[in-house]
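Structures for review follow.
Two complexes come next, and they have one chain in common, chain A, joined by chain B in the first and chain C in the second.
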Partner chain A sequence: MTKPRTLRAPPPPKRFGWPLASSSCLALLLAVSAAVGACADIEEAPPPPPNLPTVAPQSGAPRLSIAQYRNAVRDLFGASVVVPAALEPDTSLSGFVSIGSAQSAISPRGVEQYEEAAYAIAEQALSTQAQKAALVPCTPKNPTDEECARAFVETLGRRVWRRPLAGDEVTQLAAVVTGAGKTLGDFYQGAAFGIAALLQAPSFLYRPIVGEADSTSPSGKRLSNYEMASRLSFFLWNSTPDDALLDAAERGELTQPQAVRREAERLLEDPRARLAFRNFVTEYLRLDLLDALSKDPTIFTYYSPDLGPAAREETLLNFETLAFDRQTDFRDVFISQRTFVNSKLASMYQVAAPAADGFAEVTLPADVPRRGLLGQISFLSLYAHPTSSSATLRGKVVRSVLLCGEIPPPPVDVNTAIPEPSPNAATLRDRVKIHLEDPFCASCHLKMDPIGLGLENFDGIGRYRATDNGATIDASGELDGAEFGGPVELAYTVRNHPDLGPCFTRRVYQYATSFVEKAADDDAIAALAARFEANGFKVKDLLLDIATSPGFLLAGEAP
Partner chain B sequence: MKTKKLDRRTVLRGLMGGAAVAIGLPALEIFLNDNGTAYAGADSFPKRFGIFFWGNGNLPDKWVPAGNGPEWELTEQLMPLAAVKEHITVVSGMKVATGNSVPHGSGPVGMLSGAPYPIGDETTFAVPSIDQVIANEIGKDSRFKSIEVGVQPDAYSLSYNGPHSVNPPETSPAALFKRIFGPGFVLPGQNTTPDPKLALRQSVLDAVKSDAERLQQKLGSADKARLEQHLEGVRGLEKQIQKMQENPPSLEACLVPAEPKPEYPEVDGRPPLSEISRVMSDIIVMALACDQTRVFSHWFSSPVNNTLYPDATAGHHQLTHDEPDPQPQVNSIVLYTMTELAYLVNALNAVKEGESTLLDHMALLVTSDVSYGRAHSIEEYPILIAGSANGALKKGVHYKSPASENTSKVLLTLSRAMGLVFDSYGQGAGLVNSSLSAIEV
Partner chain C sequence: MAFLPMLKKLRYVAALGMLAASLAPIGGCTDEEPPPETSTAPVSQCGGGAPKSFLISTLGFTRIDETTGKVKGFNLDGVVSDGTDEASCFKKDFVSFSGEKGVDNQLASLIPDVEAILGDAVDGLIQGAINNGGLLIFLTVERADNLQNDDCVDLTVTTVLGKPTLGTNGVIEAYQTFDPDPEGEVSHATGGKIVNGELTIGPFELAIPIAIFDVAFTIHVHDALFKLKLTGEDGVAKEGLLGGGVVPQEILDGVAPGAGVDQYIPVLTLVLNGSTDLEIDEEGTCQQVSAALQITAVEAFLRP
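Right, the complex of A and B next:
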């Protein structure tokens, strides 16, 4: 195996330090997010060091994504409840559904679909005696038992709306329950209409991040206790808070960073945290698009519609195992020679298929230069054309998504034709020569194509090939000053790129907050990135640090 | 209530290739206007509006006809429309004037809204698209304010209510059928029996509205507007509940179309676009004939789509950029698309309403995201109009712009033809104060 070459000199080590914008308890706790002591000594805190990172927190009201809606219904009513498939499609903005959900508005059709889903769920949620007993905390005396209706709405409402209900809210919803109970002659049928109301209400469908006054916060506002419960659980579980988290909010603990950290640590030990991290990776790499992969089966004879979902599972297992089981340097996901395959993927990677159905961990063949994420079928097939590979698409994702580099949109009014393969130009490298030689094209394509050409040994669905149209593929190149001889060295070059960790930090931060950060957040993100590096690039530590960072705890002005 | 005896219902079985299920109903009364009284004459049927959109443009040399005014010849790419030529107006030589900063984005946003693509933003509209501007006026009283359908499996829509407020298309024919002709559909002539659950649904919506309004008070202006859009959807549901409690007018041409197949799987990695488009068109036509909606958009394919068409050697978008001239495969895809447009126009034209047809009572705007795809050009923009909007528009003419006029003029013409009283249309460089009088009656 080739040894990775050294990149340009690594950045000088940064001292990690959180803002001590004031001498408040909050600021000190932010400064030492781990192992914090009591707040008693706050007033004696040392004077803030110079050049403090500050943040520009933002407020809003993200709407639940499809995954969040489904997860919340599962956690509220049980895994047996089937949510209808048709919900308003998620909107991805700035690379994340999490961000699109805070900016996009729902269509009339989407509101119709919420209504259909709410009744379908409500009908299932009270269909057995056990469910009735679990959701209704009293025995109704008659179909219009108002006292029981109020108790039901109050108890379930707190869980569904993730906050206690106000008196007038209880009154109106209880009237829905008793009104329907009267018409239908049955309390529980009436209660189903109450569930339908709770689930269609914006208090369930939106997650307000409005905040409450906090004189110690630089923005003057922090998230309220219940807002924090929601933000934390939707970040770390991609789902609704459990009773323990709501209870912590009720006790007023979630405006205190050490309690937030304690809860975050608890949440990360739950299996839901793995699902949530998978959701992040899916959004980060747009793995959702693997469901609609378009590949010409006459060219790619290994292609079948089950390839995309299998390839996604492979990538998610790699990320999940690294972050939650091995708990080692996340950058190793780019160089690993181990991966997870089912029988479909095994045939394409030319390794033995797992004995049982499903996925098993394997070591990739030594004689094929395939390593890590950039060698996985998910990445290689998604960032390619239906009938061919694409150096530009692959390079663009590495440059913009993984390294946070900027690439302007393609120009208009230019001839973008790539010549057909010919004896003089058989490989893609020869055919896209103009991209790198014409200064007009090269100004952008130099940022993308050399990376993608390093992956030309993999065709449009990720199968290995040594030649293209009969000519040997040259997969050497250079990335920001580091030369590589082929895909394995490229994998190490990306893994060791100084922008990889900071960019990953920025991406998780955006995802966690549901907003595109402001320039004023840059120092805070840099500090998180430095700590990520200092901690050996461990994902769980990064998630904890972000969950207790000012950009996550503080509220700001609403747009 | 006034009623008007109509001719025997047009039987659509032949037109729809046997797909339609005829439901025999006596002709009792025709469309009601907003006052609940019947429209007086054949030409007083309500106006309808539609968009047919495809992605990745055309080949202008093979598209723009010779001739001007009523005398013009079909070109290679318009040939599939031969049977409906007399109903098609070609508008050529126009330019999207709002700039071309984002390939495949600037063109359709400028074309469909008359306003520039918002700077630094991702695909969105600064103002509502033309279909929603019109729907806000003529769609208020129908069960659905507008219907959006997509044909490609991953088609998206460019029907916008405002910034980041898209109306996603229904891409499943079965789901579209269920939405329009499923349990919420009341057959014309059928007397409704009051369902007590409708009142309960309404009480739930009242609680939802109260909650939305309370939440709005806590939010900033942008989020308030997002909640207002949500409330707009709730009011749409209330309209549907109201319609289910009314006895609908009998509509001569209203039939329940055949129920589509649950799935339309790919064949050799290629989606059966023709079959899906025709099923969608049949449902849309009956949604209009049954007055379930008065505005629709048919998103046949999306900007930048890389769909594999039958016999194509690469995806559509890749072909527009890489296929050598004269791009025979790109040409075939435009012909394929125009064949499906012809099916839709034919189906609209086959529905008899009073003395004329459904097509005559509407305007259909046909356009794309670019003209010449390889260069992302937004000059010589592809624009067709079908239907006369109850006689407000000329039919079957070619308007050749003498001086690269602003495409917003088409939007001003169409909105006026729909009865909107506008002095101007568009924003910034897209703003126009005059319409295309040459195609107006």
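Right, the complex of A and C next:
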């Protein structure tokens, strides 16, 4: 295929072009209006799932994150298609890219990047006979075969836009294909322009949630079938729906909680569900930051650029295995003595590496007080300073991310420096004492530092140490009234904390819905958390419950 | 041959030779009559503590202190020679830094001369071989119930395969895992003791395969003595000392196949044969040269 952009085929209609899409508000309107137009067949509203309170649902149009964009292209056009690296950056809000994507706009540069990506993908998508046969459901008679162009646009457009195309949309896109085909003298080169137009459209780049009438909903709306197909697949696969899911939507099944659960169960058995869950865990713990992990190499001689990514993989394998293979209590990820290591991590954990290459499961040595997530290098190195450990950073993550506790930001003019080590204050516990004794500091630091001090046996990159500046480390403390003697007991204390399960439920709920929950959601989240506990804290059950919960099924007014 | 390439070649030949020489001395053990201390299938009455393994992470020549004349090493032959006794081929023994007399370490006296010619490259070449995985010596302390004090422990020395990871300080990181070397000779010593966290064991026959550049051969260190500090902070290299006697001819035969080495053999022969001080034969010629190497070792694993 020749380079489409240099050949200047007839431009697609403005409805699909970026002059409109460059305004996020306008794009949203377009996406919303398109979605509404395609979902006219309203069915009888189902009752909400039993035992789950109704909620005040939200509407909007989350933009595809970079990962979602890439995954969608992979699932639409095959893994061999390379997506250009430069795309509009993700924005994280409330800890999740999916929430940030629901509220952020696209920059002018981002518009250009989506355009460049669309053409690059289109050029690859039809580069082989096999690809052409897979994407074009007919044999074109000539470069301007309108019938074939319409069939191509209808078939592929449904998958790319995750809904059937309206008649005028098919007409306009088919005109792009035949117009470019005429100019270039080749149907498939024209089809590539059609792909580029599909990929630049708001209907691909956004996931509009408008809803349809539902008399049983507080807002009077529920998600339409196709909206639910998208929401379900982007939650459980972090990617676009497959044909089976779109077929279920076409049959009108996805307004029924039972059918949604059935589809959710099917999706969870697909390998893409594991990747999606890994994506959730990555955002939940900010493990993406491990790519840029930076430590002072003169202090941490075991630091290397590959440490961060390896540590992230370890943590992801732990979560994935627990959720999808063992399917046991998710809280065990905090106390497990078994983990996954490569050669580098094995040496840092002081265990023999089972395999020369890649990761393998090992049991951590009994004489080192390292257990579970809080003992993993990902957590310990990420939540530390470049030159030292940090009781405050580690404690803050446990308190706010894992237990959903509130910690106000420090006052603007406060001096956060802690004293340098000295003979009288060798350990971090001694040095942060000022934070814990000064009432001005203590109100917040007492919520964080005592937790983090329980992990002081691990340095700024997570290596075990018995002493700090020559002094024996005291890693004892208490968390909300539960005393612990060191990191192992802290791990059990966190694991058994009554807020851990409900907080995890809240995080998954936020991630699933792509919106910051409202106060009205609290009862629903509490009900989900109760079911999570009743089901033995099994992650897959939680995912299924959320997928069929009111907050996931119902739509409402835009915030 | 141009001067610089020649010097480079001389450096590694000398390094090999010096290293080989340093990994041997004394004893009366021959192939026909293995010493009773050495056994490939030892029977020990020691306890059954879990094995603890180490990888030799640095290996360096011992040097005579210019001020005191003292040097690290072992009294390998059990006598104190003042330079007048024939049994030591008239080589004067040294005094250790702790005051022990009779230290046999003739190789140490050669080091300044070698370094005067070669600069300080010799230790670097050896370290390079370790870091590149060409000289990975694995020590396994066995049957030790107590790493602080134990009067009956064994030691296995073998080579392993792998590519060590270096820390940002250029030192091999502790607790790495290596693969067994199926072709490596295994040396075993029994009856060692740990006193105040320091293992002392030997004499035993020690085989060390050497691979530097295009030369690969096995040096047999006779009546080797070995000590290593076992305790201390986790992951921090432990210091130790290795001594024994090597037969010069074994070294010369080992390095000879190296490309372009043959022209340096006469010099090396002269240096090594002129330093022998152990295992005198009926003709009054000492058969081995005594040496001692200072080592550091880090905890390591053998892949299960």
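Heads up, the rule we're going with is that the second predicted complex is superposed on the first by the 506 of 559 C-alpha atoms of A that agree within 3 Å, B and C clash if a C-alpha of one lies under 4 Å from a C-alpha of the other, contacts with A are read in each partner's own complex, and residues count from 1 in each chain.
Rule of thumb we're sticking to: a residue touches a chain if its C-beta (ideal position, glycine included) is under 8 Å from a C-beta of that chain, and two chains touch if they have at least 3 such contacts.
Since the model is a prediction, treat every value here as computed from it, not as a measurement.
Once the two complexes are overlaid on the shared chain, A:E250 sits clear of chain B and of chain C alike.
Within the superposed three-chain model, A:D75 lies out of touch with both chain B and chain C [touch as defined at top].
Counting the residues of chain A touched by each of chain B and chain C gives the higher count for B. In the superposition on chain A, contact of A:V111 is made with chain B only, not with chain C. In the superposed pair of complexes, A:D541 makes contact with neither chain B nor chain C.
Contacts of A:T298 after superposition: both chain B and chain C are touched.
Across the two superposed structures, the residue set of chain A contacted by chain B and also by chain C is 297-298, 303. Residues 162, 165, 167-169, 171, 173-177, 179, 233-235, 299, 301-304 of chain C touch chain A in their complex.
Partner chain B is touched in their complex by these residues of chain A: 59-61, 63, 86, 88-89, 91, 93-94, 100, 103-112, 115, 169, 172-173, 175-176, 179-180, 183-184, 193, 196-197, 200-203, 205-206, 208, 210, 292, 294-298, 303, 305, 385-388, 409-418, 420, 557-559. Within the complex formed with chain A, the residues of chain B that make contact are 100-103, 122, 144-145, 148, 153-154, 161-162, 164-168, 170, 172, 175, 179, 196-197, 199-201, 203-208, 210-212, 214-215, 218-223, 225-227, 229-230, 232-234, 236-237, 240, 266, 268-269, 306-308, 313-315, 318, 321-324, 374-378. Residues of chain A touching chain C in their complex: 297-298, 300-304, 343-344, 346-354, 356, 463-464, 466-467.
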